[in-house]
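Below you'll find the structures, each written out as C-alpha cells.
Look at the two complexes coming up: chain A is in both, with chain B in one and chain C in the other.
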Partner chain A sequence: MATVTATADVTRTTAPVRRAARSSYPAWFFLPAAIIYGVLFLYPTLASFFFALTRWTLSEASYIGLDNFRQFFREPFLVQGLINTLIYGAITSGMKVILGLLLAVLLTSQVIGRDYLRAVVFFPVLVSTVGVGITFTVMMHPTEGMINETLGLFGIKGPGWLTDPRFALLSVALVDVWKGVGLATVIYIAGLASIPSDYYEAATIDGANSLQNFRFITLPLVRPATITVITLSLIGGLRSFDLIWAMTKGGPGFTSDVIASVIYKQYQAGFYGLSTAGNVVLFVLVASIMVPLSWWLNRGEIER
Partner chain B sequence: MKKRAQRYWLGSTAILVSIFIFVVPFAFIVLAALKDKREAALRQFSLPTNGLHLWENLVEVVQTRDYMLLTAFLNSTILTVASVTLLVIFGAMVGFVLQRRPSAWTPVVNFLVLAGLIIPPAVVPTIWVLQGLNLFKTLHGLVLIEVAYGLSFTVLLFRAFVATIPRELDEAAIIDGAGPLRLFFKVILPLLKPVVVTVIVVQSVAIFNDFTNPLYYLPGKDNVTVQLTLFNFQSQFNTSFNLLFTNILLITIPPLIVFLFFNRQIVAGMTAGAIKG
Partner chain C sequence: MGLTTTRRALLASAAATFWLASTSAGLAQDVTLSFLVDNAPNTIAWANQLVADYQALNPNVKIELEQRPGGGDGDNIIKTRLATQEMTDVFLYNSGSLFQAMNPQQNLVDLTDEPFEANVLDSFKSVVTSGGRVYGAPIGAAMGGGVLYNRKVYQELGLQVPKTWEEFMANNEKVKAAGKVAPVIQTFGATWTSQIFVLADYYNVQAAEPGFAEKYTANQAKYATTPAALKGFERQEAVFKAGYLNEDFAAATYEDGVQKIANGEGAHYPMLTFAVSLIQQNYPDRLADVGFFAMPGDDAAKNGLTVWMPAGLYIPKTSENQEEAKKFLAFVASVAGCESQTKAGGATGPYLVKGCALPADVPPAVSDLLPYFQNEGATAPALEFLSPVKGPALEQITVEVGSGIRTPADGAALYDEDVKKQAQQLGLPGW
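== the complex of A and B ==
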C-alpha cells in the first residue's frame, strides 16, 4: 500500500527533486546513534528483565524465578528504599514547583537586584552534585556544623540533620531542592514570559487584584512550564543517587536509602541479580508514575 | 509610589535571604580553602586568622596520591570533549533526518527518544555488555556510555531547531548537486550553530559533573575522573577539610567559567521544552 502511494507521488510531483529528496535524507544517518543507543542502552535494559530473574555472577546466570523480587519486597530495608524513593520524588518535585514558580514570579517583576538574584539562584544547578553534597554534609554536622551553630546563637537547638533517622532523607531532599530550584525557576521564567501582558491589563481594568491575576491568569497559563518542571524533577528525583550517596550513603541505618542506592549497594556486595531486580523495580516504578502522569497532564493541553 | 516602595522592599529582602541561602555555602567553600589545616578543622564560617593558605593547599591537593587530580582533570577533559563531539554530530544527524523525512520509523524513533529520557539505565547488564566488548573500565567505553545516555536530549533539541530551517535551502543545495553528506555538513550543520553551542554547553556541564556513570563504569585508580577524586579524597581528607574544600573549589571553577560566558545558551537549552510542553 505504502509503495503504491509513493510511486504515485513520484509521478505526480516533479520527479527529479522527489527522488533526490529521498536520498538526501538517508536512513543510515540514524545508524551511528542507533548502534550506540541500541548496544549500550536498549539491549542492557531488555537484558535486565532476564537477569533480574537469575542468580548472577556476570559470567554465569542461574534462573531462580521471582526470588529476587520476593526478597526485594520482603526485606524491610529494601521496602524502605522503595518508600523513600517515592517520598524523595514527591518532596523534591513538589517543592521545586512551588518555590520555582514563586521565585519566577518574583524575578519577572520589577524588583531591584533582579539579575543578581537570577544568577545566584541558577548557579547551583551547574555545580558538581557531589561537591554540594559534601559541603552541606559538613555544614549540617549536628554539633560542629555551621547551620546548628548559627541556630544556637538564637537559642534554637538544631536537629541532627543527617544523623537523626527522622530527618536524614528530608535534609538530603532539601539540599536537592537548593541545588535544583534554579532550573525550575528559569523554566517558569520562560513560561511566564510567554504570557501576553494584555491579559493582565484587561483583568486589572476589570478590577482584578494581583492575587486574582495570579490565580486566574498566571497559574493556568504557565501550565506547560509546570508540566515540564514536574516531569523533569520527578524523573530526576526518582532516579536520584549521587546526592544521597555523597551525603548519607543511605544512612543512618537504611533510613535514607532509595532504590538507586540499594542498586549500588547490592552491586558492590556482588548480588548482581538482586541489583538488576532493583533496576527493574525502579524502571517499573518510574514508568508507572511517569506514563499515566504525563498522559493526564498533557490531556488538558490537547483539549484546550 | 506604593509600587516603587514595594519594589525596593521586596528586592532587598530577597537579596538578603539569597545571601544567607545561596551565597554563604559558596563563601564557606572558599573560606575553608583559604585556611590552614587546624583552622579549617573547626569548620566555622569565619575569615582565616592564621594567614592565607590557598596556594599551599592547592599544591598539596594537586600532589596528593601521585598527582591524581591532574590525571583526573585530564581524564575528565578527554571524556567531556570526546562525548560532546560525538553527541553533537550523531545527535544532529538523527534530528535532521527525523525532522526532514517522516516515515514509518518516525514514531518508533520518537518513542525511543522518550524512553531514553525516562528509563533509568540498567547498571549491571550494561557492565556485562561493556565487559563483552572489552570496554569496561576504559575511557572510550565511558565516552560511548555518555553518548548513549545523552542522545535523547540532544536529538530533541536538534529536531526542534531543524524544523525552523526552511526546506528550500536543502532543495537549492540538492539541485546544486550536493549529496547527503555535503548537504548535512556544509549546509545544515553550520545553520545549526546556535543549538550546537547550547548542546555543547549543557552536555559539557552534565558530563563534567557526572558522578554516577564513572563510579559504575570506570572504577579503578588509574582512570579516575574529577568527581570521583572528591569522593576518594573524602575519606583521606577526613581530617583535612582545607584540602577537601580546595578540591571542591577547583572542580567548581570550570562550571563557573561556563556560567559566566554561556549563561544565555544554558538557560535556552534547559528551558527549550517549557513553552511547547
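== the complex of A and C ==
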C-alpha cells in the first residue's frame, strides 16, 4: 500500500520537473545519440524490412513481395520451432522466477558464508555461454558423460540428455536456468533488501508465521523485481540462440530448433532474404508477446 | 672539430648503406599469399605439406594458412567473405553444387586459359565450370562413397563382401548374432556423416532411373515420388529399426566413427574414402584392417560406385596477388603437387591430374576402390556434381530418419521441399 501511494506521488511530482528539465538542454545536444541510433539501429531495421521482401545474394536483390514470409511459414520445422521457442521461454523464465526468488530469500537470511554463496550463485552468469554449452555437452554425453556415468554408479541408466528428442530441449533449458538464475537472484536480493523490516516485525507481533510472512509481505512487495526478472528472462528465452546452437544445433534433426536457430540455418544456407524475413517474424513475435505482457504487469502494479 | 666531421660522414655513409640494403631487399619481390582451408585434419595435412614444398621451391613467396570450419558454418564464411570482398588470395571449397552456389562468374578469377588446366582431367573441370568457363584447380583425390568395413571382423566371422542390400543386411545379422561389435556405425554427433546412405546410393538411383539428374534439376523428378531415390531413406531407417547401430550413434562424432572402424569396434561405417587419410594419421598400424565396398543395391550385376570429386582451389577476383596465386595453383595441380599430397596424407584415391600415379603400396580401402574405376560404367558421380540443386537441411533430415524420429517417405518429401529454396535462390528455370 505504502509503495503504491509513493509511486503515485512520485509520478505526480516528477512530471512537471521532467518537462522543465527537457527544455533546459538545447536540441543539438541530442544529435550525437540520434546519429548513432539512426545509423546503427534505425537504418538497419528499416533496411531489413526491405530485404525481407527480396531474394537477396548480398550483392543483388530481386523483389519478390511476400514470398519469403510465405516460404518461412511453410517451413516444415517452423511450427515446431515456434512451439519450442514458447516452451523454452516459458520454462526458463518460470524457473528463473521461482528459483531466483527462493535463492534470494535464502541468501538474504543469516546463512553461514552468505557473501561467498552469493558469489557462487552469480558466477555462472559471468562465464561464456558457448563455453558453458560445450562443457555441458561433454557432461551430457549418453555413454561417456559425467552425468550418466554418475547415475550408472547407482544402477540408473540415464537418458540421452541431448540426443533423445524428448529431452533435448528441456536439457538445454535447464542449463540456461543454471547459467541465468544468478542474475534473477541478484535482482531479487535487491528487491528483498528494499522491503522495510517494520512490516515483518508488525506481522510477527500479530502472530504471522514465516510462511504467511512470505506469502503476504514478501511476495506482493517484491513484485517490481518479479516484473524485471520476467521481462528480462522471457525476452532472453524467446530470442535464445547461442546456448542451443552450442549444445544441439537444433538437433537431433529439428527437434530442439527454436525460431532463432531456424533463421540462422537459412542464413547459413545463403538464403539471406528468407532469413531476414525470419528475423522480422521474430521481432513481431517478441514484440507481440512482450508489449501486452509488460503493459499488463505494470498496470497491475499501479492499480492495486 | 675534424673528428666530429669524420664521424658524421661515417654515420651518413652507414645510413646510406642501410637504406640501399633495405631497398634492394624490397626489389626481390617478396609476396605473401593468404590461403583459406577447412579444418579437417587431412586437409590441414595436405595444405601444410603443399605450402612447405612450394615455399622450398619459391623462397620469395610466403603462404599463410587460415582455417575455417567445415559444413554449414564453412559455407557461411565462404559466402560472407566473398560478398564482403575479404576473401584470401587462394581458398579451398567444394566443387559441384556448393561451387555453383557461390556465384563463380561474379566472384572468381577465370582459369580456363591457364596452361596448368591442360593437365587437369575433364571429369574434374566439369564440376568447377560455370557458364562454360573453368574456375578451379583440384586438391585431393577422387573419393568413393560407400561402406568402410573392418576386414578383421569379416575374417573372424567368415563374411563375404556384399554386392546387394540383402547380402549386406545378412552380414549385419551375423555380426549382431556374434554379439561382439556393432554391425553399423553411425555418428550423428557430426550431422553431415548421416547423409551417406542417401547420397552414396546415387549410383543405384541413376542405374534404375536414367536421366534422373536432368529431371531433378528441371523440377520434374522428386525423391519422394521416385521409388529408386526413396530407397536410400528407407534403407537408412531399416538399419536403425533392426537395431544394428552402435550404442552412442546419436552423440558420436566423425573422429569416433573412424576410431571405431579402425579398431574393429564396428563392422561397417558408411563414409567417403577420404576417411582413409585420418586412419593413416591416427591409427597407421590399423590401415590394413579397413576395406571398402560401394553402397549395395538391388542387383549384384549392376553393382557400382558413387564417386565424389575432390574440393577445388579458387582465386577470388578481389585478390591483389592473382599472378602469384595462379602459380601456386599450377603447382598443386601438377605431378609434384600430387606427390606432395601423397606424402602428407597417403593416397586416398585416383588424382585428377594427368600423369599422377598412385604408389604401389596403397591401403586396402583405396585398392578396393580402383576396380570400380577400371570397369566401364561402374562409376557415377554423386548427384551434387550433376545438379546444382542440393538442399541445406538434408543432414538434419537423415539424422531424423536414421534415428526413427521421421518416416522415410516423410523425410524424402521434406527434402524435396528443402531443395526448392536452393533452386529458387539460384534462379533455375522451372521452379
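In this section, the second predicted complex is superposed on the first by the 275 of 304 C-alpha atoms of A that agree within 3 Å, B and C clash if a C-alpha of one lies under 4 Å from a C-alpha of the other, contacts with A are read in each partner's own complex, and residues count from 1 in each chain.
Note that contacts are C-beta pairs under 8 Å (C-beta built on N, C-alpha and C of every residue); 3 or more make two chains touch, one makes a residue touch a chain.
As the structure is a prediction and not an experimental result, all values here were calculated from the model.
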item	value
Chain C versus chain B on the shared chain A, clash or fit after superposition	fit
Contacts of A:Thr57 with chain B and chain C, given as first, second, both or neither	second
Which of chain B and chain C A:Phe136 touches, first, second, both or neither	first
First (chain B), second (chain C), both or neither touched by A:Thr218	neither
Touched partner set for A:Ser233, first chain B, second chain C, both or neither	neither
Partner chain(s) touched by A:Thr108 [first = chain B, second = chain C, both, neither]	neither
A:Ser171 touches, of chain B and chain C: first, second, both or neither?	neither
Touching partner for A:Gln268 - first (chain B), second (chain C), both, neither	second
Partner chain in contact with A:Asn84 - chain B first, chain C second, else both or neither	neither
Partner chain in contact with A:Asn148 - chain B first, chain C second, else both or neither	neither
Greater chain A contact set [chain C / chain B]	B
Minimum Cα separation, chain C to chain B, after superposition on A (Å)	6
Chain B/chain C common contact set on chain A	58, 141, 144, 267
Footprint of chain C on chain A - complex, ascending	55, 57-59, 71, 74, 76, 141-144, 160, 162-165, 249-255, 265, 267-271, 274
Chain C residues within the chain A interface of the complex	72-73, 75-76, 79-80, 83-84, 101, 103, 106, 188, 191, 247-248, 250-251, 392-393, 396-397, 399-400, 403, 405-406, 414, 417, 421-422, 424-425, 427
Touching residues (chain side chain A, partner chain B) in the complex	2, 17, 20-27, 29-30, 32-33, 36-37, 39-45, 47-48, 51, 56, 58, 106, 109-114, 116-117, 119-132, 134-136, 138-139, 141, 144-146, 149-150, 178, 183, 186-191, 194, 223-225, 227-228, 235, 238-239, 241-242, 245-246, 260, 263-264, 267, 272, 275-276, 279-280, 282-283, 286-287, 290, 298, 301
In the complex, chain B residues that touch chain A	3, 7-8, 10-12, 14-15, 18, 21-23, 25, 28-29, 42-45, 86, 89-91, 93-94, 96-98, 100-101, 103-105, 109, 112, 116-131, 133, 144-145, 147-149, 151, 155, 170-171, 174-175, 178-180, 183-184, 205, 209, 211-212, 215-216, 226-227, 230-231, 234, 241, 244-245, 248, 251-252, 255-256, 258-259, 263, 266-267, 270-271, 273-277
